[in-house]
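Heads up, there are several structures right after this.
Same chain, two partners: chain A is paired with chain B first, then with chain C.
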Partner chain A sequence: MTEANITIEDIPVTAGDLHAKLVKFQGQLDESNVDEKAKSIYQLIEQFPANLYLLFDFEELEYMNSKSIGYLTDWYGKISEGNGKIVIAKTRSNILDILQVVGLTQLINCYATLDEAKFALLQQGGEA
Partner chain B sequence: MAETPITLYAIAVILALIPAVIWLTLLFKKTKRRGIQVIIFMGSIFSVVPVFLLHYFLNIFPQFDILSFLQSAIHDQNLNYVLLFISVGIVEEIVKQALIRWVDRKFLLIHTINDSIRYSLVAALGFAFAENIFYIVNIYTQLGVQQLIVAYLFRSIFTTTAHMLFSGIFGYYYGIAKFAINIVEQEEWTGKHKKYPAFVARMLGMSKIHAYKQIMILKGLILAIILHALFNLLLQFNLILPVVIYVVIGFAFLQHKLSQKTGQLILVTNADNITSSMHKNDSDVVVELLGMWFNNKKYVDVIHICQRLLERDPDNKVVQLFKAKAMDKIDNTSAYGKVLKQMFPDKKENEKTMDDMIKEKALREKNLKQLPFKPQITASPKESDIQTPPKEDTSSYNLEI
Partner chain C sequence: MPENIDLSGIQQMAVQNTAVNSQNTAVVKPMKITITLPTNAYFVSGIRDFTLGLIRNMTEFSEQWAFRFQSVVDELCNNAIEHGSSPGEEIKITFINNPHESIEIIVQDSGTGKSKISATELDRLVKERTNPSYVHTGIRGRGLSKIVFEWTDALEFMDLPEGGLQVRIKKFLKDPQLEIEMSKVLESPAHLVLQ
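This part shows the complex of A and B:
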């Protein structure tokens, strides 16, 4: 099984009905681990069906397979249905390349730094 | 009427030429390679020669006539007819296709699956033309002019169309076989692994692609023979209405195949192909996603991704195939396709596409104030990514969705 890890931290926000999380991805998401790792995001969506604001930190994410891109699209669909938001930060060029060709960068904005991503996430959430 | 044999054959040639010319005009209104069609047509006229030579040979050496041997062993008349018509089908279909295969090998004639179908239709027309001459002469001399009129009209319309149907079906599978490398790769990305060709390849010590090619050619030939035998059988029992229905439905199916984007796609690879600007591993991830979403019937998303990927890798035949197949799936212009969709509807047609989500996002963000910085993107995706067709290979097929 290839190594991959997802850790979730709270992002402090002032609005009470808004749930902002920093989700750090590490390693390689492939067929051997992606279904297992995706569960943690689905649990989060289930826990906060509305106003969920996620900042995906891809700095240490080395590889995404097609299934993980499918999951990313699905997460986007579910979260935006609940008036939530996803932004991505510090994506490696190979992954950014894939996301662009797939068209996901038109749905999920990608930022060069965590601060920019956080700012964009929270401003779009009305928290700036 | 007292005609000399030469006059009789001359009239027969003119009469047989009329349906051939009408069909050729109808089928190839916009074609550029008329010369090669004439060559195939002329060549296929002479393809009746081996059929007659075979009959002649079996008359001289009846000990080699396996069919007569089998027929004498079987006392069921209907079964004998089936055997006869299958044997006729085998010989005629092989002969009709031999020319196409030879011309293709010699002149690299076939660039698309539709080329393979169309040139097979020309070969069928040539064969039917030659066959019609002999039938016209025989019917006229044996049964007279009144019988000839009915037979002539029937042969001109239905028998000629039937010949085109059989050859067209074979041509379709020959086209699939010819472009097996790309077709197999595209299908494997959708998870359809070719187990049977892999088994044949192991048994016969050949590559899987080569085994797949041979299986496709054989499949086309067997289908053409079965269709041919069935047509002859229906005629033998004078089942005219079923014959008419059979030919009309069969030809509509062929027309449907000819109208598909997949068939129009140029699959011949050129030496001066443009290299991909995307890393192979990254491109594979996207193609794998295409396979996944194609299976999930997300055809609109597949088309959009293909468009973007083709901007980076314009000559990727597998991606072109994905796009063409996805376009065929959502195409509503073909009546035959509509009937098929009614019978086998796509379950997920109403599911939200990425395009829908992008539009919704744009609407949501319209009222938000601008951020002081831009998102991190290596090359800005253009708005035209979604709406406009790519610039490449538009000559081969219409890329509008």
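This part shows the complex of A and C:
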């Protein structure tokens, strides 16, 4: 199995009903590991079905295949249904290229820095 | 990277592909490399690394295209493993570099997969999914119709006599449409139309 890791940290927020998380992706998401790795995000969605705000840090994500993008689209749909949001930060050029070709950048905004992404996420969430 | 993929031979193969014609000038022939892989997704990461190295070192395609071909090859191999071949079988990947012109990549499955599909059916599926009005809703289905289709100039499917399916892609170094348009301009310089 190709190496990939997903770690989740809380982002402190003042609004009580809002759940904001920093989700760091590392390694290569491919056919050999993505089904297993995607479970942690589904668990998060299950735990917080409403007002879930996720900041995906892609700085150390080296590769993602079409199935990973399919999962990303599915998470976006589920989180949006619960009035939540996803933003992406620090994407490598090859990852941004693939997100653009499948049209995902039209759904999910990508930011150059974590601060910009956090600001956009929490502004959308009514925090800023 | 899986142990059975050796990148060290690429440079040597390029040297072997330089021949001398009757005018004593060096002619670079197409370089062809074929790799056989077991039908296990674990080995595909090795092919991704191989593709990246091959495009970077042996072709004139840019770094951006090296990563794009990495994705194209990954998607084709995953489809061949998941749909076209049963466990314990093999898939075959062939790279043909036509120097200064194009690269071709051919992926063949064994035709023993549970969800085997014919070339005609796959062609119809891709046409349907590349229609601008088509909306991708599931987890799967973006590999061929978005990534492979968008990043190649030719995408062909062929049923193999032995029962498998062959997918062949070709990408030109220069946009062939642009070449045609440019030649039209040169043929008729007084009728240059800017669109």
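Some points to look at:
In this section, the second predicted complex is superposed on the first by the 128 of 128 C-alpha atoms of A that agree within 3 Å, B and C clash if a C-alpha of one lies under 4 Å from a C-alpha of the other, contacts with A are read in each partner's own complex, and residues count from 1 in each chain.
FYI, contacts are C-beta pairs under 8 Å (C-beta built on N, C-alpha and C of every residue); 3 or more make two chains touch, one makes a residue touch a chain.
Computed from a predicted structure; not experimentally measured.
Placing chain B and chain C on a common chain A by superposition gives a clash between them. The partner that reaches more residues of chain A, of the two candidates chain B and chain C, is B. Contacts of A:Y71 after superposition on the shared chain: chain C is touched, whereas chain B is not.
In the superposition on chain A, contact is made by A:V102 with both chain B and chain C. When the two complexes are overlaid on their common chain A, residue A:S93 makes contact with chain B and with chain C alike. In the superposed model, A:N5 lies in contact with neither chain B nor chain C.
In the superposition on chain A, A:Q26 contacts neither chain B nor chain C. Once the two complexes are overlaid on the shared chain, A:F119 sits against chain B while remaining clear of chain C. The single stretch of chain B with clashing C-alpha atoms against chain C, selected from 278-286, 332-340, 368-376 or 386-394, is 278-286. In the superposition on chain A, the residues of chain A touched by chain B in one structure and by chain C in the other are 65-67, 69-70, 73, 93-94, 97-98, 101-103. For chain B in complex with chain A, the touching residues are 278-279, 281-282, 285-286, 288-289, 291-293, 301, 304-305, 308-309, 312, 352, 354, 357-358, 360-361, 364-365, 368-369, 371, 373, 375-379, 381, 385-386. The part of chain A that touches chain C in the complex is made up of residues 1-2, 28, 30-32, 63, 65-67, 69-71, 73-74, 93-94, 97-98, 101-103. For chain C in complex with chain A, the touching residues are 41-42, 44-45, 48, 64, 67-68, 70-71, 74-75, 78, 81-82, 136, 138-143, 146-147, 150-151. Per the touch definition, chain A reaches chain B in the complex via residues 64-67, 69-70, 73, 76-77, 80, 91, 93-94, 96-98, 100-107, 109-112, 116, 119-120, 123-124.
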